[in-house]
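Naming follows writing order (A, B, C and D), and every chain is counted from residue 1.
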Amino acid sequence: MPSEPITLIKAIMHTLDQEMARNPNVIVLGEDVGRRGGVFLGTQGLLERYGPERVIDMPLAEGAIVGAAVGMASQGLRPVAEIQFADYVYPGFDQITTQMAKLRYRSGGQFSAPVTLRMPTGGGVGGGQHHSQSPEALFVHTAGLQTVMPSTPTDAVGLLRSAMRGADPVIFLEPKRLYRSVKEVVPAEFDFTVPIGKAMVRRIGADVTLISYGACMLEVARAADEMARAGVSAEVIDLRSLLPWDRDTVFESITKTGRAVIVAEAPGKASVASEIAASIAESCLDRLRAPPMRVTGFDTPYPYAQDKLYLPSVTRILNAAKYAIDY
Amino acid sequence: MPSEPITLIKAIMHTLDQEMARNPNVIVLGEDVGRRGGVFLGTQGLLERYGPERVIDMPLAEGAIVGAAVGMASQGLRPVAEIQFADYVYPGFDQITTQMAKLRYRSGGQFSAPVTLRMPTGGGVGGGQHHSQSPEALFVHTAGLQTVMPSTPTDAVGLLRSAMRGADPVIFLEPKRLYRSVKEVVPAEFDFTVPIGKAMVRRIGADVTLISYGACMLEVARAADEMARAGVSAEVIDLRSLLPWDRDTVFESITKTGRAVIVAEAPGKASVASEIAASIAESCLDRLRAPPMRVTGFDTPYPYAQDKLYLPSVTRILNAAKYAIDY
Amino acid sequence: MATWQDDSFEAFSEQSISLIDASDRWCGAFDLDLDDSTLIGFYEDLLRMRLLDERLNTLLRTGKTSFLAPCSGHEAAQTGIGRAMRRHHDWLFPYYRDQGLAVLLSSADEVLAQFQASCSDRNKARQMPGHPGSDQAHIFTVASSIAAQIPPAVGAAMAKQIQRSDEVVVTTFGDGATSEGDWHTAMNLAAVRKAPIVFACENNGYAISVRLAAQTATATIAEKARAYGMPGYRVDGMDVLACHYVMKQVIERARRGEGPALVDMAVYRYGPHSSSDDDSVYREADEVAAWKKRDPIDRFYRFLAARELIDEGADKALRDRIKGELAAASERAGAAGTAPVEWLFDDVLAELPWHLVDQRELLLGEVGGS
Amino acid sequence: MATWQDDSFEAFSEQSISLIDASDRWCGAFDLDLDDSTLIGFYEDLLRMRLLDERLNTLLRTGKTSFLAPCSGHEAAQTGIGRAMRRHHDWLFPYYRDQGLAVLLSSADEVLAQFQASCSDRNKARQMPGHPGSDQAHIFTVASSIAAQIPPAVGAAMAKQIQRSDEVVVTTFGDGATSEGDWHTAMNLAAVRKAPIVFACENNGYAISVRLAAQTATATIAEKARAYGMPGYRVDGMDVLACHYVMKQVIERARRGEGPALVDMAVYRYGPHSSSDDDSVYREADEVAAWKKRDPIDRFYRFLAARELIDEGADKALRDRIKGELAAASERAGAAGTAPVEWLFDDVLAELPWHLVDQRELLLGEVGGS
């Protein structure tokens, strides 16, 4: 790992590089992952270093990408497959749900599919309906998968290592809006990992808990700043893992604040935000001083002209928090 | 419509027949929908009556089935496409989310895709992981779709008519466990419809609201019976439409009972049950006397040997209701 | 004379089909049956496509559009396709690199309005640039997902059969698209149903950075038609007449109810994959230069010049006129204004359900809209 | 003599490949090089598959299994495939009608344990009957979804390349499966990567009720290989020797690194699609009867009898022995007991996350489990 600050996408690239160097079973596959180094440059330099047998430019077929990764994983390899944009995962969805998620279960544990499936997600980049989607709910709903989304370079390193070294498939969602927005020195130790299933309290507070993940952590942080200026103390939780999610950290915070605002840019209906809100309601009712509020993307296809308006804004977060506090 | 009592699957078959007779634009397509009449006989007799141009045995490819239906619908036809089991919808998932759900939006309303996409869902029939799934959450999460699931022959008629005559795509989920379990005389009037978005209060009660849909209505009814015997009065709501769902009916009931138990056999994480629970918590907090409880399928792939144990049992529903009442 | 009553061009020919030879002369086995003004029209179409890319690049630089997948190098294919179709009658199910073809079948106004996310975009500025669509011009609105237009295209063709319409469907896609599952499901379905559709591959040998040899083990896309029992034609995609005549043949064959065909047009992408791409990372400048020597516009200019249908002065005048027209269309698109906030919610469904009404209210409250 | 150093059988031959002629004699262009005990072994395999279906039908009637997709009529194909593979070395990625082949490669005990949802099922009784799998026997556990095994099969073959293993992957599927998108994506990928895999189609001319002519516009499945640049072979699937020798050739070719192949075996499904189907609705009894005249077991019996390798007595003794073995295996599966409740939760992930621990507790509380 470089000792200077690096971006989230560079953190991913370096982690892939290190893991490939360390473990000859690691294979990278996807569209344009070779000479092009990935359209976001997440696999830059890997082809040159590890050759075309381990860095595979795949035909344009997500079903083949996911399916081949499953087959490789079933034979002891450690594939890291890339879907160019999360919006294009659907042609591979059958392979995800039928094979990747269920292979261990249906074979009674004889076979497993420890694939790391990387995909850039989320909007705010002017990409319209097919370069902006956040489909995490579909994966969280599908038993047999683990789903994570880092919001910092350090977490990207730690979660990607956990995914690539773990026993089971991981949907590794990359908030593309953050790819180059933050730089950070990442831990140098080769054994540094972020365990799947653990959230991170980004800011300690007392009045309201803001729960989010991925790119929305930006707006959440800004909202918390504004609230601080107004004398409201917000606790900020970055979920990092969406399934399994860190119930303990969230419930502990709610016990303290009595208020929850869950922020995510995916459409709200039957979403991860719904899941968290429902769980809070189920388990923390007597500690709640206000309804658990969801601030999510609208239940429309992702727009183009109103790209920025679609995303949960700082205002929308503040309004929800204010509602909870004034309740 | 026959004047004697008919099953849910017959209700579907007769409705398709009537609508085909009435509207030459109605086309039925799917695997084995022709001579075989569908593996559950939902399209029995249609080929003989309407010929192979309007009743189309499709090649074994769900992407082609959904996609062709979208293309037909864009040209003014009214396709009713069948997915043989909901578990096999995934190869067609890209066509659903990319085309069917988004065509109207992305074309600014120039084109639309009023496809009715029928599929048998749910477990309890010994079908194991690929003949038992309940993927409604995936559709409810996808903006641009309407999703319904009838639990009675009458609602099957009414909702199918609404779907086939409406302006937009409808995911029409058929609880296969109920296909032949109940018989009912269905309304004879040709104009009888059940509007999409309206729930039905199946039983009026005061102490707790049981909210469900599809095949679980069976266990919910049994649970309500048992509760009645124990002196507890349960209100029972059959959602029928999962998106848009009938917020008014549900919230009104919660206002009265202060308690909600949401029952669905799909896995619970990021599910329709989560959505309803989160919405209740968000909007009815001050009226809640207990946490909104979810009784759902387990977050595992659908099992085989423990088929019946997977489904929300009467006991599990009663325990949740008891918890809410004793809270 | 080319007659469209029989298969004048042979399917699966060893050599790719050309009608303009190395010295830029007609080399068809039949007589050229297009009149002079039609030939000039072809040239104008070719030029308009090239100049459209130029205009779009200007709009990019000035921030008036945000994305471009250039069509330069594909003009002969797109002109050949468009001119073989009955305009506003046959249907196009295009992909994102077909702005040239879209202008030919609709208008510069329609396409530029889409590129500029203008209030005058028939598609209500719902998508990123390069995704036109027009019910009036019979163009199915583009979606970015590769091959996703192809099953609906077949469905539309099946609808035409059922409706006893003589409209034919043409769907276009790149070489990379042929690897997708739904390309296959659609090809297979079309052949089984003998649907009136033509599959036109703008085969530029790359899917972003991935070369054809990493995309498929066949030498051509044309031969893939064998798997479906339909004819496949390999065509010189830098030869507008070859593209046109082959497309015309298979479109009219489809119209007669004789089933679908696959046309594999060997073109080249002069520019990067898109305005977000850097193609120098994965291909050599030499290769680009070699292809440019076969430029379809230059070639056709020489073809016309040899017939004394054009000269430098006329060419210059034509270019100026087209540039003016494109600039004016772009002006009009800009002048129409931008999309209103409410459009975020319209058309999710024909009627907004309660949750969208609520969400619209929330947003309008926030941004102070109507 | 058949040598596997060259392509003895020609790809895309007009006629389908047979090695047993109409009078049940060897008609190969090379000498039969299987010794007598191997030939008898083939016959035993064929019989075991047929008798397995019989046993399974009995189990169905007595409620000891709940579902069956019979393999009767497919025995020559399945025996030919299985005998061409190196047992416990090469990998099978099968589909739901391959119980016969699975027994050949693993054992009757393994397969019957799966059919009976026994505690001794290596797959922990997780699926409906007819979905065997065995890490030990190198059989990838079946999933019901058509064609879903095919991309993973190619991935496994790619793994063998990377691992410098000489294991070859064989994947089987029906004619209907060739219409799915992922059949295509996998075929294409395998050819591009020259992966050591053989695609074996058990082409029975029906996908449930849908005839091949409604499934594809090609006359054979074999010719679809052309779209991928791999050889395709059309084989008489009722001729166990033809199935065997062709499979052997392409498996060894793949092992030598020469790439994948498609084998299209024309078989017939004697029974209904499955125990839930009524095939009389969509096909004529005549057709079934006509195919039964070409029964692969009868034919091979006569072939062996002509060589004096079998007679009625030996046949009867063999059948009795196999029946006994199958009955005993079924007994053992039954005796092992049924799956415990906890199995509902194991193996969702290697370690159960909190929500599954909670759910397991909930269920055990309800049913009074451990």
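Just so we're on the same page, contacts are C-beta pairs under 8 Å (C-beta built on N, C-alpha and C of every residue); 3 or more make two chains touch, one makes a residue touch a chain.
All values derive from a computational prediction rather than experimental measurement.
Of all chains, the one whose CA centroid is most distant from that of subunit A is D. Set side by side, B-C and B-D show the greater C-beta contact count at B-C. Computed centre separation for the pair subunit C/subunit D is 45 angstrom, with centres defined by C-alpha atoms.
Taking each chain's centre as the average of its CA atoms, subunit A and subunit D sit 40 Å apart. Inter-chain spacing, taken between the CA centroids of subunit B and subunit D, is 36 Å. Those residues of subunit C in touch with two or more other chains are numbered 125-127, 131, 143, 145, 179-182, 184-185, 188, 192, 214-216, 348, 355.
Contacts with at least two other chains are made by residues 58-59, 61, 63-64, 90-91, 94, 98, 102, 105-106, 129-130, 143-144, 243, 269, 298-301 of subunit A.
Interface residues of subunit B facing subunit A in the complex, by the touch rule stated above, are 63, 90-91, 93-94, 97-98, 101-102, 105-106, 129-130, 137-138, 140-144, 243, 266-267, 269-275, 277-278, 280-283, 285, 288, 290-294, 298-301, 327.
Listing the residues of subunit A that touch subunit D in their complex gives 27, 53-54, 56, 58-59, 61, 63-64, 66-77, 79, 91, 94-95, 98-99, 102-112, 143-144, 146, 166-168, 197, 243-244, 247.
Residues 93, 121-127, 131, 133-135, 140-141, 143, 145, 148, 150-163, 181-182, 184-186, 188-189, 192-193, 346-351, 353-355 of subunit D are the ones that touch subunit A when the two sit in their complex. Residues of subunit B that touch subunit D in their complex: 31-32, 34-37, 39, 57-61, 63-64, 87-88, 90-91, 126-131, 269, 298-301, 303-306, 309-310, 313, 315-316, 319.
In the complex of the two chains, the subunit C residues touching subunit A come out as 66-67, 117, 125-128, 131, 143-147, 176-177, 179-182, 207-210, 214-216, 276-277, 281-282, 338-339, 341, 343-345, 348, 355-356, 359, 362-363, 366-367.
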